[in-house]
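Note that chain A is present in both complexes that follow, paired respectively with chain B and with chain C.
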Partner chain A sequence: MKKSNRKLTPWLYNFPAFILIGIIVLFPILYTGYISLTNMNLYHWQDYTFVGADNYVRALGKVDSGFIAALFTTILWTVVNMVLDVGIAYILAIGLNVEGLRGRRIYKTLIIFPWAMPAYVSILAWRVGMYNTEFGLLNKVLVALGFEKMDFLSKNVPAFLSCVVLNLWMSLPYMVVMFDGALQSIDRSMYESAILDGAGAWQKNWYITIPSLRKVMAPVVIMTTFTTFKQFDIVYLLTMQKGAVSGSTMQTIITYAHQNAFVSNNYGLSSAVSIVIFVIIIAFSAWTNRAAKEV
Partner chain B sequence: MRKSIKKKLSLLLAGAMAAGTLTGCGQDAESSTGITTEGAVPETDNATEEASTSGEPVTITAWHDNDEAMMEALAAVVNEKLAGENITLRFEKKSDVSGQIRLYGTDAANGPDMYLFAHDSLGGFAEMGILEPVGNLISEDKEADLLPMTIEAASYKGEQYLMPVYYETLLFMYNKSLWKGEVPSTTDELYDYMVENTDTNAGTYALVNQHSNSYNVAPFINGFGGYIIDKDANPGLNVQETKDAISYNKKFAELQADGDYNTVTALFNEGNAAAIIGGPWLISGIKEAGIDLGIKSLCDFTLPNGDVMTPYSGVQCLGVLKYAAESKKEALTRVLEVLAEPEVGITLAKEFNCAPANSKAYEDADVAANEMILAMEKSAKKAVPMSNIPEMSVMWGPAESLLAAVNKSGEDVDTAADKYQKEALQAIADMQ
Partner chain C sequence: MINKTATLSVKKRIRLTCLNLFYIGVCFLGLVPIIYVFLLSVSGGGGALKTGLSILPEKFTLDNYRRIIVEEPFLRWLLNSVVLSVGTMVIAMGTSVLASYAFSRFRFVGKNASMQILLLLNAFPQILSMFAIFRLFRLMNLLDSHVGLIFIYAGSMCIFSIWNMKGYFDSIPIEIEEASKIDGASNFQLILRIILPLARPAIIVTAVMVLIFVWNEYLFATTFMLKEESYTLAGGLYQLQANDYSRSWPLFSAAAILVSIPILIIFFCFQKYMVSGLTAGGVKG
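== the complex of A and B ==
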């Protein structure tokens, strides 16, 4: 009796949390799944009926050449961003930890600033303040140097690079702070021993810093990879916001799904597409979790 | 001891989480008795019906995403007229009103009684079955003075669902101190003027326009005989007349900056553009900038084919939600009757340069002398009301993408038109 009580107690304590998770996380997913099996749309708003897997057949029909291109762009986007994000953050964090650096706290505060800004504000500020042909800093510099103005967001390659730069600006602070914290946790005596053994800066980095950071940074890198993979705001607000379409046709799988299903007011079809994306993201998440365990 | 504290703390946290989880599941004391935030208006069906018939105060809530001062002025006129009847019209600003109405259109507890929005979203709401036709609330003779164009825009499948309040069209607005000489009367002359007076690298422009926004390019498309979507829901992005218009607009676009709303508005207000194609919504910013504004109807510009530029007209209307009509019928009827009178239009015209939907409002001396309203009235005679069929809602995206592809990415008009026509057809098919 006592033993079974002991088994039940943790479940009892966690029960309210389970209810909360059920309402916030599970219910919307199940409800979306339910809607995906109906013909709920503008014409059947209140009198929708069960249509089986029809919407899934249509959703999978959207896995065409456009979707494959979007998937390729998403993978490229994730790889480029993560390599640059981790590389630059590592260098900045190392720089912030150089002994005798003055004004360290000021630099750290400045670095965290972009992270504290709401994403929507940051993106619009960059669209106008940096990339805009008339008021953007980049074009002001180009004109001052005697070049023609350039529309950075109107063609795919420059638009992709512009989105990468903004994504780095927004995500670097988090990565730098994490690297900085991880660097603080490394035992200084290892460096002292290495110096006594005649190790240089490169050897200290390669044999002490990087191996020591791996375990601490792995979850951070994996989580950031995940959020970069499903990034929507930057690409959408910079290039395809209603009323300010830039001309670039670059699509990630999330923007592709949004454009192909969510503007139609067909909630059955949109829900089916959502469930398909959900499955893809869960698969990606499972893969990244496995990778995390292997680190 | 420490273990017992942990245990108590865990229980406390679990209890707090359970309470938090269930917060909101109970009935709000106020709403359960039918009292609004203003504290006096019952909202339950029977209670409200009794209230409106017995002279108890009734508040009609309307959502909008318009200029708040304008909505306050509109509400003030209505509330003054209905003060003796204890009916109050209250506006609440919401972003993306059409999206909000889609979400709350059947939610009597949390949704509004009315909403104010442009007429092009009507078809979708009518098909959803969330709107009460205004014909069920107000007699036809009360609407006798409304302009036929506005009634047409407010009707769908032969039924009038909305109450027109005012309408808007695009206009040619110019800075009198920057514009050199007379404003031309043909678009070819206008283009020549732009070539002579635009320096893109210096950031000075003769005329700016949202050249990749289909609403702003519609004067060319309609004038060339093209269309974005016809009344039978056929997209017209790749019909020859539309393509001709887009090609013609492209050469103007090359001299009009990036065409983004914020960019072109800032260029005009800062004196870096001598003219802008825009509507009355720009007036407050222009006034603040102290610009000596001149206005000309777009219908005064002749296109190379001999026809005139023909903008869309957008009619701002109030719609009544079905559930509200069931519970507040009498109060809503009175509000609609006041809205159909000329006073609301006169106030909005005098204070905000809105072109009234009520024809009698134009008899007012100040309204009759308002340059902007006269230009819009002139445009309205030629203007094409935006389509209000449900399929219109999915046409803005492909049309804008087509214009951006041609104007900004330099894509071939024929190829891009075919591509986005296909996308439009797919979007329409996806609605079903």
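== the complex of A and C ==
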């Protein structure tokens, strides 16, 4: 009696959480998988039929479905953002740790602000305060400098770049704080002996700072890569909100899935895309897990 | 020799001055959008439509703040946000504290597998299953109900909370519990009297993160709530700018400032823990 009781106890503790996760997380994923095999859409809300892998074939096989293009955009988006994010944050954090910089604390506090702001508020503030053609600050600056007004969000390339700038504005504070913490965890004595050996600033950077940072920063960079890959709010709120479509047709895979579910009501296709995205994320995290172990 | 050290320190000083100027510039760039929104919010109704480079308002007025509170259901939204935040916190923390304690303290078959499966499930972006949840909730008649939304939020933060707190439970020495077990405390007494007080920092930080998540969530809030008076602050704000495109921007910026202030205060109070909590989660995640 006592023994079986003991075996059950942990599951008793887990039970409420598992029920909650089962209903809100697990079941919807399975259901999404189920929908992906049907032709469910606005006209087939109840009387949908099974169509096998048709939705997958359509998403992956037909170029005009737009999914492959969205996938490329997403990969480009992730790479561009991560390179700039890590590069700029590294430089900013190194600068913050230069000896004799008195205002360090104030700078750090001020730099954190964009991170603390609610994300949707920041994005909407940028849309109207920065990019808007009528009263956006960027356009005011352009006009004052004698240039023409520019609609930043109406064409794909400027819209992509505008999204990148905003994403960097929102994600750099976190990166800088993490780099800053990692830099301070490096053993000072390594630099001292390097100076005795006659190493210059570049050599110290290349042989001590970067290798020491790699281990600490790997999880942070991997995590941020995932959030960047999954980024939805920026593209959605800047360019494709209901009633305020800006004109750019840029799609990431997440906005593509959302668009198909809630705008064009193509539930089957949207679900198939969702499952494909899930598979991509799992494959990517399995790969990073293995790579992280080797660092 | 003296000359040389003097030039060196001059050089150093110039470098530091440049560096300071650089960081003042960086901070300025970081703050400009926020400052601009603030200036919009205090510049009266038509302030946003003014052309010309000057961003300083012609007159300072809190009229937009008065209007957002009096003319829009702002207080109603605030109440909804508080109800949802507290409800979510209670359910998410109630379930995840128990689960993370079990994952930290007991050995059982399937423990590691369960933890890994939870991580896997957490990797699925919730936007993608939004439609499935929508259909499910329609069937269960949970659309347009705060209870339904609370369950969605709690479910989506539950896995994160379990992982976040499990690490902290692991760091509490088990001897403390064994001692009180010998004194005859039951399992639940043990959790209430010994574990919860010991794990308080981790629990508070996790709860704050849940709170911030709910406070900032707009997509589920507007998709699952169909009536304006059941919106949260985030949903209401989103709706405010989506409905009335150009006219309500100063109003929107006033609301944006009002909504951000509590989050900014909470964030800066917990800043130290947020950073460490995030990394702890990240290392294991």
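In the analysis below, the second predicted complex is superposed on the first by the 215 of 295 C-alpha atoms of A that agree within 3 Å, B and C clash if a C-alpha of one lies under 4 Å from a C-alpha of the other, contacts with A are read in each partner's own complex, and residues count from 1 in each chain.
The rule we apply is simple: a contact is a pair of C-beta atoms (placed from the backbone, for glycine too) under 8 Å apart; a residue touches a chain by one contact, two chains touch by 3 or more.
Predicted, not measured: the structure shown is a model, and the values here were computed from it.
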item: If touched residues of chain A are counted for chain B and for chain C, the larger one; value: C
item: Touched partner set for A:135, first chain B, second chain C, both or neither; value: both
item: Contacts of A:16 with chain B and chain C, given as first, second, both or neither; value: both
item: Which superposed partner A:259 touches (first chain B, second chain C, both, neither); value: first
item: Partner chain in contact with A:151 - chain B first, chain C second, else both or neither; value: first
item: Touching partner for A:178 - first (chain B), second (chain C), both, neither; value: second
item: Touching partner for A:269 - first (chain B), second (chain C), both, neither; value: first
item: Touching partner for A:43 - first (chain B), second (chain C), both, neither; value: first
item: Which of chain B and chain C A:283 touches, first, second, both or neither; value: neither
item: Contacts of A:68 with chain B and chain C, given as first, second, both or neither; value: neither
item: Footprint overlap on chain A, where chain B in one structure and chain C in the other make contact; value: 13-14, 16-17, 20, 23, 128, 134-135, 143, 242-244, 261
item: In the complex with chain B, residue positions of chain A that touch it; value: 12-17, 19-20, 23, 41-43, 45-46, 58, 128, 132-135, 143, 148-149, 151, 154-155, 242-249, 259-261, 263-266, 269
item: Complex interface listing, chain A residues touching chain C; value: 7, 9-11, 13-14, 16-18, 20-21, 23-29, 31-32, 35, 92, 95-96, 98, 100-103, 107, 109-122, 124-126, 128-130, 134-135, 137, 140-141, 143-144, 169, 173-174, 177-178, 181, 219-220, 222-223, 226, 230, 232-233, 241-244, 254, 257-258, 261-262, 267, 270-271, 274, 277-278, 281-282, 285
item: Interface residues, chain C side, partner chain A - complex; value: 12, 15-16, 19-20, 22-23, 26-27, 30-34, 36-37, 40, 48-53, 55, 91, 94-96, 98-99, 101-103, 106, 108, 111, 114, 118, 120-133, 135-136, 151-152, 154-156, 158-159, 162, 187, 215-216, 218-219, 223, 234, 237-238, 241-243, 245-246, 249, 252-253, 256, 259-260, 263-264, 267-268, 271, 275, 278-279, 282-283, 285
item: Residue ranges of chain B touching chain A (in the complex, touch as defined); value: 10-11, 14-15, 17-18, 20-21, 102, 106, 124, 127-130, 200-201, 203, 210, 212-213, 257-258, 260-263, 266-267, 272, 390, 393-394, 396-397, 400-401, 403-405, 407-409, 426-427, 430-432
